[in-house]
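Listed after this line are the structures, all set down as structure tokens.
What follows is a pair of complexes built around subunit A, which joins subunit B in one and subunit C in the other.
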Partner chain A sequence: MNVGGTNARIGYIAFNTFREAVRDRVLYNLIAFALLLSGAAILVGEISIDIERLVVVNLGLTAVSLFGVVIAIFIGIGLVSKEIDKRTLYTVLSRPVCRWEFVVGKFVGLTGTLVVNTLLMAIGVFLALHYVAHRFEMMDVWVLVALYFIVLQFLIVCALALFFSSFSTPLMSAVFTFALFVVGSLAEDLRGFARITHGVGGWLATAIAYLVPNFSALNVISQVAHGDAVSGRLMVYDSVYALLYSAMAISGAVLIFQRRNLK
Partner chain B sequence: MAAIEILDLEKSYLVGFWRKRRKLALRPLRLTIEEGEVFGFLGPNGAGKTTTLKLLMGLVFPTAGTARILGMEMDDPRVKSQVGFLPEQPYFYDHLSARELLNYYGQLSGMPAKGRSARVEQMLARVGLSDSSGVQLRKFSKGMLQRVGLAQAILHDPKLVFLDEPMSGLDPMGRREVRDLIQQLRHEGKTVFFSTHILSDAEALCDRVGVIHQGELRGVGAVADLTSETQGKVEIIFCAQKVPTGLISLGAEARVSGDMVNAVLPEEQQDAALDVLRRECLKLISLMPVRSSLEEYYVQKLRTPEAQTESRKGVGV
Partner chain C sequence: MSAPRRVNRVAVAVLLFSMAGAMSALYAVDQLRRESVAQESLYVSSPTVLRRLSLGYTGLLADIYWTRAVQYFGEKHRAGSRDYHLLAPLLELTTELDPRLMPAYQFGANFLAPKPPYGAGLPGAALALTKYGIEHNPDQWRLYYNLGFLYYTELKDYAKAADAFSRGAQLPVTHPFMPVLAARMAEHAGEFDTARMLWSTTYQSTQDPLIRQNAVQHLLALQVDEDVTRLEQAVKKYHEQNGRLPASMGDLELAGLVHGAPADPKGRPYKLMPDGRIEVQDPGSIYFITKGLPPGVPTPEPARVD
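And then the complex of A and B:
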């Protein structure tokens, strides 16, 4: 199979995944997000003095992150398992489609959905910012960087959900992925704990600290809410880290799925 | 050239939680299907028909053995572009319309954009879904989904079509349409391998049939041969309101239905039976040898002890 054909097939599967998410009303979460943000902006405008921007950026970006993670987990765990259960996969794999192309296509489709979702939410965040501050400032550019980091988080969460769902039930996959998201959000604390722990416990803590995805390194919400810049080095480091971690999780999912009998 | 050569394909699963044991889903299967042939794979539910099809389509992996499809190894990626597959009770992306689904499958099959839309419309018309082509599949009935399934299986003009229980869930009209479609595929020179447990469909459509039971191929035969064998008996139908005593003394098994009598008796008593009718001045309607039916062959093969079956010997007929 040629590379052009492979890319095209991945693209078709990704587009179908995106279309399915849109038609299954996944983007309806935007309504809840818009209500939350506009309510918060109005409330903050009424009661806060000089910290409106801080509150709106913090609240807005945290909401973008949480809404996205929930979507990533709950769609991600069903990306492949739902297709096996509903047997929609049979007619796809009976065509010149490799199993790895299917997994990658589904992953690309879901991350695409999340990117679109994030872009629409980002518009909401900026509208709320403008509402409370009545203007945009140069430091608002860092909000875009924080949104980019949130998308990197989604990449990892989607890949993990896909990985767990390749060998586990949807419920357990959701539990595992969410647990890793929580633990990963505390990864820096875990690394600090590992540094001060000795013996077997220290080894174990170090292993866990470096094995779990470091979501805390991808969280710059508080930093940009205070108007602080994000270094270019961190942006490169985090991009490479997220891509490598996702690639590893997707590779694991592919390896398992390649050997799986579709009963 | 053989369209399908199945070479001792075997599948077993490990079952049980703590104490795993091996469950044989398909015993070593050896079978050859020629190009242009319509082959019926018969067997009761759970016999191994779907497992065989899934193995050939690469949806499950064999424990042992292999197969060659259209002269290529079964796991050769080029095979998939030349075969079509309709799974049993197919499910499709129900957020799509029939047109969108076929277009998607056309894309995945590598059909060029130019001409794809026309082919999709042609297939929709062929399975009688042109009027509902824009409706989401979640609003389709089971029969309509089966038609979509057939359309997607032949969309990319494959040389070989695998159909798993294609008549399942269809009303009599739908079944007739599927039968017509398979006949059309035969006329187009396609090879069709379909599984069914509806024997009348197999008898009407197939060149050859194979009977599988408990994961084991019990027999393979040409339908024409199987149904042309006489059983040494003749069936006589004539006008009468009761069975003549002379006929009973010839050993006839007869039943009266209105003004007609249907009698079955040994072939060697045929002339004597006709003499009886002449003597009694009864009007003869028909006289035919009693032929074997596919059903009798099927039942006989299902009752064949496992050790005597043909898959072990590796031969057909």
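And then the complex of A and C:
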């Protein structure tokens, strides 16, 4: 296998995915984000006492997360179907491009789009923070860590959206991905339920709790809003978890896409 | 091997490996976060806001908060914690979202009022929660029982306890012990039988393992307190009859004041001390006992489980 060629092909597909997302005016969400955050910053500066920073961090990071998840779902679900509808997929696959390279390239392109989007939003969060606090503090470093965790969430959402879109319609893929996002965000409660349930129910709840993506493990927004540190071990474990979970979903997408009849 | 088949095999291998790896990583995250205190925050503490956020699905949200309350208390209790500051807001949110969730009121009556480490040490919050429950469920005898139970065990206000029990006894559907408890409050409030009746009713009227375990521990402690009181009375009587303290339990048996070798509920014989006091052999083995402890030893607390 020509690794250099593979990398180049994946890189090309990824770059095209990113370019297409930009052409689709995905980055326009930044305007809404900027308006939301600057409005909130001015408002909390007027009405909040002592919790301006807290509100801006909570609101800013939550907005980054939700905007990103919505983008990941709505672009991710169309990545395969749109190529089939426009018949561009046949052009791509008629060239020396493997199906798995196409899937991985799309994944890399979509996550790349979200990383760029998150970087731009992060600048907005820090500008708002500076506006309300008039200076940066050491604990603001943890906001960067929370942003990194949000990117890890996007990795999983993108992989799931791509997985579902490899065999389902865009609408159903959106429903499945969003449902898993909601369930995964409540994963701690599922875990708690498993802990206090005995017998078959307990085993079943534990299995489901471990199988669904655990987005709550990747959510440290409230923690960093209070200026609490995030442990290095958590960063390592969460990174490994997000990478492996994404790899699992992408492998599933590759397996399904390999067998799919595209005629 | 053809290229697609090779890709399939690699994809299956990656899928299985990453699934196992992701589970292991999540397990490691779990262990790490369980130690963290950052989890101990209530993101939304206003029931009104929560009610709006629930989009009408208040029942489901109440169930989630109820699970969270039990989990919170259970984990802290196991760790021997003395800080249960989230228990009251969690139960308040639960019952405001679903005012008919009876187990939450019973849990609150049992674990909000007692002093740490047995509970949150908030009798006021326990009373408020129970009264809120009665306001929304005036036909539930259990809530009047909980109210009487709180006045009796935590506040020692027997008149109010009697009032609560008698109000509960007048309901169309009630427990047969309710009128008996109401009557006993007047003249026999401080007696062991009354306390035993209360804790037995608590045990019988719940399926919650934590509440049942708590009731059993109180019943065992009551047995010890009653045994020690009875044995010390026997020692006193022996002293009055013989002009000296008994040298052993055998002396009491010979005098016909006790039968056999009296033992605590765990089967360990009671010790007769040289000064005539009665002590349990292992003071840490039975919680909540107030008698039979060596001088200066506080009432034993549940052991920390690490």
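Simple rule for what comes next: the second predicted complex is superposed on the first by the 262 of 263 C-alpha atoms of A that agree within 3 Å, B and C clash if a C-alpha of one lies under 4 Å from a C-alpha of the other, contacts with A are read in each partner's own complex, and residues count from 1 in each chain.
Here, contacts are C-beta pairs under 8 Å (C-beta built on N, C-alpha and C of every residue); 3 or more make two chains touch, one makes a residue touch a chain.
Everything numeric here is computed off the predicted structure, so don't read it as measured data.
Undergrad: Give one word, clash or fit, describing how subunit B and subunit C relate on subunit A after superposing.
TA: fit
Undergrad: With the two structures laid over each other on chain A, which partner does A:Ala8 touch: subunit B (first), subunit C (second), both, or neither?
TA: Only subunit B; A:Ala8 stays clear of subunit C.
Undergrad: Looking at subunit A, does subunit C or subunit B touch more of its residues?
TA: Residues of subunit A touched, subunit B against subunit C: more for C.
Undergrad: Look at A:Arg195 in the shared chain and tell me whether it touches subunit B only, subunit C only, both, or neither; answer first, second, both or neither.
TA: second
Undergrad: Return first, second, both or neither, reflecting whether A:Cys98 touches subunit B, subunit C, both chains, or no partner chain.
TA: Both partners, subunit B and subunit C.
Undergrad: In degrees, to the nearest 10, note the angle that opens at the C-alpha centre of subunit A toward the centres of subunit B and subunit C.
TA: 140
Undergrad: Which of the two partners, first being subunit B and second being subunit C, lies in contact with A:Leu244: first, second, both, or neither?
TA: Only subunit C is touched by A:Leu244; subunit B is not.
Undergrad: For A:Gly252 in the superposed arrangement: first (subunit B), second (subunit C), both or neither?
TA: The answer is second: A:Gly252 touches subunit C but not subunit B.
Undergrad: For A:Leu234, decide between first (touching subunit B), second (touching subunit C), both and neither.
TA: second
Undergrad: Using only CA atoms and the superposition described at the top, report the least gap between subunit B and subunit C in Å.
TA: Minimum C-alpha separation, subunit B to subunit C: 8 Å.
Undergrad: Just to be sure I follow: which residues of subunit A are touched by subunit B in one complex and then by subunit C in the other one?
TA: On subunit A, the residues that contact subunit B in one structure and subunit C in the other are 98.
Undergrad: Give every residue of subunit A touching subunit B within the complex, in rising order.
TA: Per the touch definition, subunit A meets subunit B at residues 1, 5, 8-9, 12-13, 16, 19-20, 23-24, 86-88, 90-98, 259, 261-263.
Undergrad: Looking at the complex, which residues from subunit C come into contact with subunit A?
TA: Contact set of subunit C toward subunit A: 3-4, 7-8, 11-12, 14-15, 18-19, 21-23, 25-30, 32-33, 36, 38-39, 41, 43, 64, 67-68, 70-71, 74.
Undergrad: Looking at the complex, which residues from subunit A come into contact with subunit C?
TA: Per the stated touch rule, the residues are 98-100, 186, 188-189, 191-193, 195-196, 210, 214, 217, 220, 222-223, 226, 228, 231, 233-234, 237-238, 240-241, 244-245, 247-248, 251-252, 254-255, 258.
Undergrad: Residue numbers of subunit B touching subunit A in their complex, please.
TA: 13, 54, 57-61, 77-78, 80-81, 83-85, 87, 89-93, 95-96, 104-105, 107-110, 149, 152, 156, 162
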